[in-house]
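Once you've had a glance at the structure underneath, I'll fire off some questions.
In order of appearance the chains are A, B, C and D, and numbering begins at 1 in each one.
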Amino acid sequence: MSAWTRDEMMTVAAARLLWDDCVCFVGIGLPSAACNLARLTHAPDVVLVYESGTLGTRPDVLPLSIGDGELADTAACVVPLPEVFAFYLQGGRVDVGFLGAAQIDRFGNLNSTVIGDYAQPSTRLPGAGGAPEIATHARQTFVLMKASPRSFVERLDFRTSAGFLGGDGERARSGAPGGGPQAVITDFGLLRPMPGSQELQLVALFEGVDVAEAKAAVGWPLAVADTLERLPPPTETELTALRQLQARTAEAHRRPVRLPG
Amino acid sequence: MKTPRLSLAEAMAEFVHDGSCVALEGFTHLIPFAAGHELIRQGRRNLHLVRMTPDLVYDQLIGMGCARRLTFSWGGNPGVGSLHRLRDAVEHAWPAPLELDEHSHAGMAAAYTAGAAKLPFGLLRGYLGTDLPANNPRIRRVECPFTGESLAAVPALNPDVTVLHAQRADRKGNVSIHGIVGAQREAALAAKKLVVTVEDVVDELPPAMNAVVLPHWVVSAVVHCPGGAYPSYAHGCYERDNAFYQRWDAIARDRAAFQAWMHEHVLGLPDHGAYLARLKAKAA
Amino acid sequence: MKTPRLSLAEAMAEFVHDGSCVALEGFTHLIPFAAGHELIRQGRRNLHLVRMTPDLVYDQLIGMGCARRLTFSWGGNPGVGSLHRLRDAVEHAWPAPLELDEHSHAGMAAAYTAGAAKLPFGLLRGYLGTDLPANNPRIRRVECPFTGESLAAVPALNPDVTVLHAQRADRKGNVSIHGIVGAQREAALAAKKLVVTVEDVVDELPPAMNAVVLPHWVVSAVVHCPGGAYPSYAHGCYERDNAFYQRWDAIARDRAAFQAWMHEHVLGLPDHGAYLARLKAKAA
Amino acid sequence: MSAWTRDEMMTVAAARLLWDDCVCFVGIGLPSAACNLARLTHAPDVVLVYESGTLGTRPDVLPLSIGDGELADTAACVVPLPEVFAFYLQGGRVDVGFLGAAQIDRFGNLNSTVIGDYAQPSTRLPGAGGAPEIATHARQTFVLMKASPRSFVERLDFRTSAGFLGGDGERARSGAPGGGPQAVITDFGLLRPMPGSQELQLVALFEGVDVAEAKAAVGWPLAVADTLERLPPPTETELTALRQLQARTAEAHRRPVRLPG
């Protein structure tokens, strides 16, 4: 088994946070890889829900889009999108929601809308999608983002999705039913909210990373937990399962499609 | 009475006019690309485009200057990155300024559902702690008359025309959809007129008591248009061309490359059949 | 984790208690009669019964003194006439007074839908020009924050327990329903706990991408109970016993005849299997 | 062909009011018979919607209940009940709604809730069901009721469903989208709203009935149109189709069901 990459470790670290039977609202990219890795290793009965309305999917290869046919083919059922959001997400049926973004602040609030001013943005990002309500309703959310001072920022250009708002219980007072961002998985380690203030603090590091590197990657003065966990590197089982999944995926996506008509 | 069967050119000319509010729905699956291309060919202008995920189809319409306004909830190239034509319109008003009516998926789903039910607004526990309501006057609050709770409200979406693509229609005009449906049904029933392009017209739909069916009396016109969802897909007919979605990133990044592509593949060809034939010839 | 498989007696004892708010849903089709009989056998009291159409199953529960309150929208014997036990409770408080929370079908459908979506109220253009709102404080008005229109509002229905009958579940507890579904899905997702009695437990559900499925993680318990919807029906398994619905009119019209029937067919028998066996023996 | 009954004539008269392609929201009993008779005679493409969620059904025999399996088996599709009411009825997709009731007043308002006081009724009736919103949203409604002074009353005990409310445009001012009761089919003839006042007036009589009989059957002073139509008796085609339908229905309902279990 060759050495692991930071991307692989992020996926593995996220997968380890899931438990068997947990119901995950999954986004495309790293979250999708992490959830399916969990399913293929320690959590065979994890329930994957994609916003395309596919409930309980067990894809053999990772989808490129949130609505690939593979997701429908392997789902327990497919429901209209308004129902996924109203009956399942808002209905309080989701344990874990995965989120990513262009920017995150120290309270886990996220921006995926614009860089610059909303009316005159320097960079127009894709926008909210399912994020604001995933952030509101999932019992907890996990954020997956590579860190840099440009993405882990002192101040968001736009708040698309609520983390802990200003901290100190402001989220709970706002009436949000879900528990908010309980873990931020980056390419150096793991942040979790501090009890009380709810500010994100460094709680765990990947192998080969030190606190100085973590602090340099974050655009605010990063708090560090008293006891810092060292995350074990990917096991051979994890790495094999992940790489096979990615190899199957690459091969499937390399196959040319037959043009219709 | 049967729902009329029209050619795609006839259907777009009859139902979509300059200034129309039009929704081409289908979530990743069954995106009506052929219809979008035909609107470009017909030179429609000042459209109010409505779609949860603009996808490449609206990137193309926006880049070709067909749109004045966009109602949407996620404007990326799924699994790839940005929609560069959408970005260019918002960031640089090229080729024309684009007004945004921006929502979350949950908000837009509620707006379509309200539209289908002919309610003036949709209700959700949504937009909590976000800056969207401050930037969109079409996101408001309403108070529960029983509990006093404050909830988010969005105005109903009732497009002038919704265009869908589906696997099949029968000769009367009943349409059946198989697989991921997104907000197609709600967008269809919310619209004043509904045009459906289909892979196939059959004598009888496959029997499926609880299948997703749009009955013929809510369908304004059926268009037989095989491959009409390409490069998205029609479950059971053909797969999503993920490689094309990846190639689109480079095509759309550059204004000139984009325009050249559109001229070669859309404006310079008579219809969707010719487009697919050209792609096949190139691939051979 | 699999959804637990329980006997009907265990499931009713675990999930339905005196004073519970319980919905036995199913519109004409798949009415959970076996579950209703088991509640009578267990002597539940002060139930808040919720059902769009009380049907014979609630006529029996009400007549046996199990209910304190009824939320409903149409209380007749479908195709036959009155529910005499329901009438006797309302007109003469026999065997006990019955509070009514009365709606229209559209209002109750909106209330279940709101419940499933965990919204505090449902919205409809309804109850226009009727005397129902004057007699039910749970029908109010709300104003559209965009148009100013006044609409009807009903509080969400969130039963403590919803009980459904369905054709089949798989071994994990996924449930599939085939045919007329009524408000079963909404009532199921609105409930705090969901118990489903099924005709059959199978290794794998029939593949049907867009079928009506309740995933195992929203199902609290599955009960294998063949014939559990009789005398209503389970599409594809057995037909509605229309003749029994007609015979019920005479049975229920008279207090003594009703009590005799209930003792002979429900209280005097251990379970639904014994009831069906007795009917078969009589028919032979 | 033997002589026709008043019940048969009511059904035939109602069927004749339907046109090919019209979308009917159908109730059980006479409306169901009338709609299916229309489908089997002059309106083969009439679209029948039952509140059980069966859209476009073509039953071979009349259902006893609104949700018989026959309706699902012959439907274009079956949708959840909340969708029938929200997307199809409230959505403005229904041309004709059929209603019946225990009481009707001169403005076509209906009572199917109680006789006597709501809190202490002398007779508790089944209640509203779909009626209030059918009455509100269908482009027009047809009421099918046998007449007697106890059912055609000066004053309703309870108003379950709106007709023209107090008349003179009150209904339109209330915001009801549909056109209200445009025909009341009784066992002596047909009432329709007068232009202006919207009070129901006698516009047509069955064969063998005179105005005096009609007036005697109605509990308010019945207005009579200047020109009174005489409805032609059932044709042989109509009567044959209706009787065959009823014979098929009786035979099907006579068949003993196989007990389950």
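What to note about this one:
Following the convention adopted for this analysis, a contact is a pair of C-beta atoms (placed from the backbone, for glycine too) under 8 Å apart; a residue touches a chain by one contact, two chains touch by 3 or more.
Nothing here was measured: the structure is a model prediction, and the numbers come from that model.
Centroids of subunit A and subunit D (each the mean of its C-alpha atoms) stand 56 Å apart. Remark: subunit A and subunit B have CA centroids separated by 28 Å (rounded to whole angstrom).
Note: centroid distance subunit A to subunit C, computed from Cα atoms, is 40 Å. In subunit D, the residues that touch at least two other chains are 72, 78, 86, 90, 177. Shared interface positions of subunit C, i.e. residues touching 2 or more other chains, are given as 118-119, 124-125, 149, 179, 181, 209-212, 235.
If you sketch which chains touch which, the pattern fits none of the simple shapes: not an open path, not a single ring, not a star, and not all-to-all. Contacting chain pairs in the structure are A-B, A-C, B-C, B-D, C-D. Those residues of subunit B lying in contact with subunit C across their complex are 118-121, 123-125, 138, 140-147, 149, 151, 153, 155, 177-179, 181, 208-212, 235. By the touch criterion given at the top, residues 20-21, 23, 45, 47, 55-56, 72-73, 75-79, 86-87, 90-93, 177 of subunit D touch subunit B in their complex. If you check the complex, the residues on subunit D that touch subunit C are 28-29, 51-54, 63-69, 71-72, 78, 80-82, 85-86, 89-90, 109, 113, 118-119, 121-133, 135-137, 158-162, 165, 171, 174-177, 253, 256-261. Put simply, subunit C touches subunit A in their complex at residues 1, 116-119, 174, 189, 205, 209-213, 215-218. Subunit C contributes residues 27-29, 52-53, 72-76, 78-80, 82-83, 86-87, 90-91, 102-106, 109-110, 112-113, 124-132, 135, 149-150, 179-186, 199, 212, 226-227, 230, 233-235, 237-243, 245, 272-273, 276-277, 279-280, 283 to its touches with subunit D in the complex.
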